[in-house]
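Here come two complexes built around subunit A, the first alongside subunit B, the second alongside subunit C.
Take a look at the complex of A and B:
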């Protein structure tokens, strides 16, 4: 009885969390999970698309009465995407779309830099080689927004299938960063994947009563990761675990923390969490992390907040596992899975690796929390991407691509991606998180959590997605160059070639040169 | 034996020891990573990262099984690699041999400038040629096709083959061709019957190097291929994803990428050494 009450209470808390969480606009369709579409769509004129196996409780893919799903039969579409779990899941299940539409879709996967290079070349050649594009907001959307088709033309065309569940079913902050550039006049992409950084930690270490009480006695605070943890406390815990491991008191790990501080994009992501927590940011213009801009204004990296963030970040990395400066997110993920470190900031979808006993020694012992806070807030960097259509595709290809976009980003497909053995990515749709089965999956030990292990990190991730906790880096065309400056200077700082203040000053000066300020 | 002779002998022995040490170190440097890769491809993921590492273990061929299963598509990537590298090597050898012979035997103005211009195209950094090639291939509809990839590889293999073969032909006395022509051969027949067989080691060495360049290429293959035409190095890069690296697959793929080149090198090593020592590299 007690456990039933607990479950009910937990469900109520979870439900409330989801509603408040900024899993977007939860009014209307999302909470009901009914077969609703955008407010502009007359539901009475819509009929369900002939896709098999629709999941009850999720908005279905629909089209206006009489719509011929086979009208673009024979068209071939090429999609270029990073080799992410959702793209693997879509590739694995593409027959479902091809059977209904008669459209052939070639899904080409590559690493992100190759995708960015190929997209840049394709746009410069004004080629129609790729009709469907994985539009990373920072590498591609901000730089080439004029080369993408405005999806509003399809959304407003009542003769075409609408966005299932409507735009309001997307997590709104993700729709903003993945879909728009500069203004909300044009919608270039629909959210497609959602990686977000959270804190992963070893429950067997942090819940160990002996370790816990020893730490509390010595340091005067509860070390359990969660909303009350600060980066200063994180540093204290990190140092303490290192000390106790050396003394032979703590066993089962080698170091207190690990970081993804390799001289690479991962270093910028890792640092950005601390920077934003301390109230710092890269540039002065507003809305940089949402709609984005081509004029980011002056760099703020020489601010007091940025220097304070850099100072503590250096201490954190100095005390982290020595491999940290050679680890990106993959290296760190492997170290955590091998049981080397007690805690680490990591992308939330690594949960499926950490919870897989064939890949991880720590399966079943992993806890997930939002990242520690600074003087201002907790900041959890978002790294998701949208799916866009090339302007250079022929009109027929563009409409065929829209059908694919509707299917691939629909709640039904997002649910399929979550459950796919090749996928495991977490959905971009509020309605999916409202399903009772998905909510059960967020509790460790349930059959649903075993079937969809990525859900185990979702309680923390939903907290991370709240407006006050999420961090979106600047969406500006110059970001790839700025990113390069940031991780190069930070790397020099970590190698003791310059002080935190010098590193921040150099980032500010060089960023201003890149942006013309 | 006087003191000087003893000192000389000691000095020679010391030099020999140093040479052996250097050779052993070089061997360790070159061979240990390869052996490590092959051993790792036969371990489970947990075994791969166990500390201290195990040298004696029960091998598993699971990653190879996955690679060559119907879902692994590896055979397809392998075939693409073979087609692209062999196709480009054959084109480069035929055109490079004819071009190299023409420049070596030709008597025309600015011969040195022309031959330098040919090799200078090989010196251009890949990003510099990527955009013009992409634009060209895009107009010709060659992006994502095997023909396009063979052409792309030929852009860097042909100048190399032509330059190397030219220096080989320059080392073969023209008098031999002239004697054959006195005996009734046409100029081309003299080349075909007399000069080409003499340049065979060079031809083999050039062919192997062209094959290696194309086989190992990632930069061109990553840009000019699509799903249907992807080669093994591109497929290997897909083993690194957002959710980690498939180490077992990566190790077995690396082993399979390396094996054909090592086997080919062993078969033709005699020609390779002779070719490289008689031609441009000497």
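Take a look at the complex of A and C:
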């Protein structure tokens, strides 16, 4: 009997400890190939790299004369990234990089929380399992900045390929968010993608003259989404569509609006748009959203602005499609593409899905606008991410990873990703937006817009990126906990377990505990 | 007395070599088991001691150099209402799941046992969910109840029920219990079926001769005879269900409004989302204690059964 008990206890111990210590595989599988660093490199002359697909008008990928692009041939790099369109596009075109450099790149895609967990565990173990990391500024860069390599060492090394077009070609506000933490002394990542929340709506509903005049007659204002739309009006439109759908007046849609209000990061993003529009924010320290800080100051979530924002946000979700409380951005995107909802706040990069007839029932009928405004402004949360290199990679892997960074974030690759059949992502480079072809693509119906459907949301997105419209959430090391507190309390509020004021107070109290205020 | 002593004297020389042989065999067995025991100790006790150590350390400031945190992690854990609420939800999930799986699994095993033919085919088909990874079960469940394209959601909408099953605090937990039942009821069925097939025929034949009805036979003959496999089935599932998080992670992530945040998911969140390994260790140890207590409960039930 003793042995039975021992076995039982041992099994229990093993089961529980494995649960806690699980995923502990820290063995990297990156293999190094031959390192034949070129000794005779003339840094005074830059020679175009042998990549295919150079685009006239865009800064080219170059390297110093004599640079051997194959010197890290045989090296294997592992990249971990969120399962987003640019990553799929990159994976699809990875052969182009591999053919030129001889470096093999394995691109592992997962949902954002899984990526964050794997990266954190990799860093805890000081493992080099992942050399290339999709470094979300809020979940991964702020907390683990010391685990990334300072890219300035490669930028300052004249024997290596420079950043094509220089750092000044990146959209500067995005470089600040994606690349730095606390100070500009170290550059940890280069901007890689640019998702930004905008309002997507059904043009066939909103442009329908019958619906439009009926609504105006009943409510006294033009419902066309744009800079004049407020969150109060959004709520009115949402309710009116619900009512008219039930009455059988409006067809082709089931609900006025959809939200990404699952108890998840998406709920915090969805709410942040309203919070900032009402003049609220999470913490009191300045520059929280741009360069970031380790001392965020006191929570501001018990402010009148935050409570007002929570109050209207609850009404918006209460009147949204019932699925909203179980949708993250993907669930909401699927519902919108299926024609279930007339409007929704959604990441602009979903345009490629919405405009693809094989994935969307509403292709060709989608309009894009900046998000409704509150008493203070329109606030469009930015969710862009940078590409970073792990400090724990071997020196050879680090240099091989730099070649990948140069290529993957180059205007040429950004252009390629944009044109990818997977829909890609809108570029992080101003030079790409300056191309006449790209400018034309922002107009619906043009051949360029059909080839690059993501551009259809760009007029709204460019508006959203303006300093007065963009919202950057706090970039602080404690953000994963604060984020969890925010979406958990909001979820409780949406389930009527607490009032908006109680939810905001709880967020403030718990956030202060986490940040030590 | 003299006679007895003389009997003892005559027996002892014969018994001693037998005992000695047995002792020697036991020692050999123990030596042969030693590598396994050492391996078991390495893979279970070292992490256990490390967990205990971790539960007194602070990893939040610098994970590389944790500092001694006294009983802070334990105090925070026991003062956190979310911890107790998670245990409450775990109890709901585990007890409901176990009871339903136990009843349905046993009933199906009894039904399959009585099939005149095709037992193997039915059992094989019934077992199929067991071969599905829990994460796939979650994906499948999420797909079926999705209000945009899910089959079950579509049927419910036809019936006039417009609710998001996984987005509603009232329906999310029952949906997860049903997913668990779909996957794990076959395990109970198989274990019970094995017990039924190993059952001696004589008591049943005797009951038949006595003219017992099926329900009487079930209550007084069959269930007592398969009590041990039933206990094994419940023991295995109860220890598993307490730490079960896969389906929750892929479907609700603890929501809505924490309605499905069980202790397992609570631990995952602290350990892997917050990277607070000290607190996670404290929570993990409480799970360990509860699991051992439940195990002990079943061991006692076994012991009592054997004694009777």
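Note that the second predicted complex is superposed on the first by the 472 of 517 C-alpha atoms of A that agree within 3 Å, B and C clash if a C-alpha of one lies under 4 Å from a C-alpha of the other, contacts with A are read in each partner's own complex, and residues count from 1 in each chain.
Please note the rule applied: a residue touches a chain if its C-beta (ideal position, glycine included) is under 8 Å from a C-beta of that chain, and two chains touch if they have at least 3 such contacts.
Predicted model, so just to flag it, every value in this text is computed and none were measured.
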item	value
Touched partner set for A:78, first subunit B, second subunit C, both or neither	first
Contacts of A:117 with subunit B and subunit C, given as first, second, both or neither	both
Contacts of A:54 with subunit B and subunit C, given as first, second, both or neither	neither
Touching partner for A:100 - first (subunit B), second (subunit C), both, neither	neither
Touched partner set for A:125, first subunit B, second subunit C, both or neither	first
Partner chain in contact with A:491 - subunit B first, subunit C second, else both or neither	second
Touched partner set for A:334, first subunit B, second subunit C, both or neither	both
Subunit A: partner with more touched residues, subunit B or subunit C	C
First (subunit B), second (subunit C), both or neither touched by A:160	neither
Doubly contacted residues of subunit A, that is, touched by subunit B and again by subunit C	117, 121, 124, 334, 338
Complex interface listing, subunit A residues touching subunit C	1, 4-5, 8-21, 23, 113, 116-117, 120-121, 124, 143, 262-264, 321-327, 331, 334-335, 338, 340, 480-481, 484, 488, 491-492, 494-495, 497
Footprint of subunit B on subunit A - complex, ascending	78, 82-85, 106-111, 114, 117-118, 121-122, 124-125, 127, 129, 195, 329-330, 333-334, 337-338, 347, 349-350, 352-353, 358-359, 361, 424
Complex contact set, residues of subunit B against subunit A	45-46, 49, 130-131, 134-135, 138, 143-144, 222-223, 226-228, 230, 234, 237-238, 240-245
Partner subunit A, residues of subunit C touching it in the complex	40, 43-45, 47-48, 51, 63, 146-149, 162-169, 239, 243, 245, 252-259, 264, 267-269, 271-275, 280-281, 284-285, 287-288, 291-292, 295-296, 299, 303
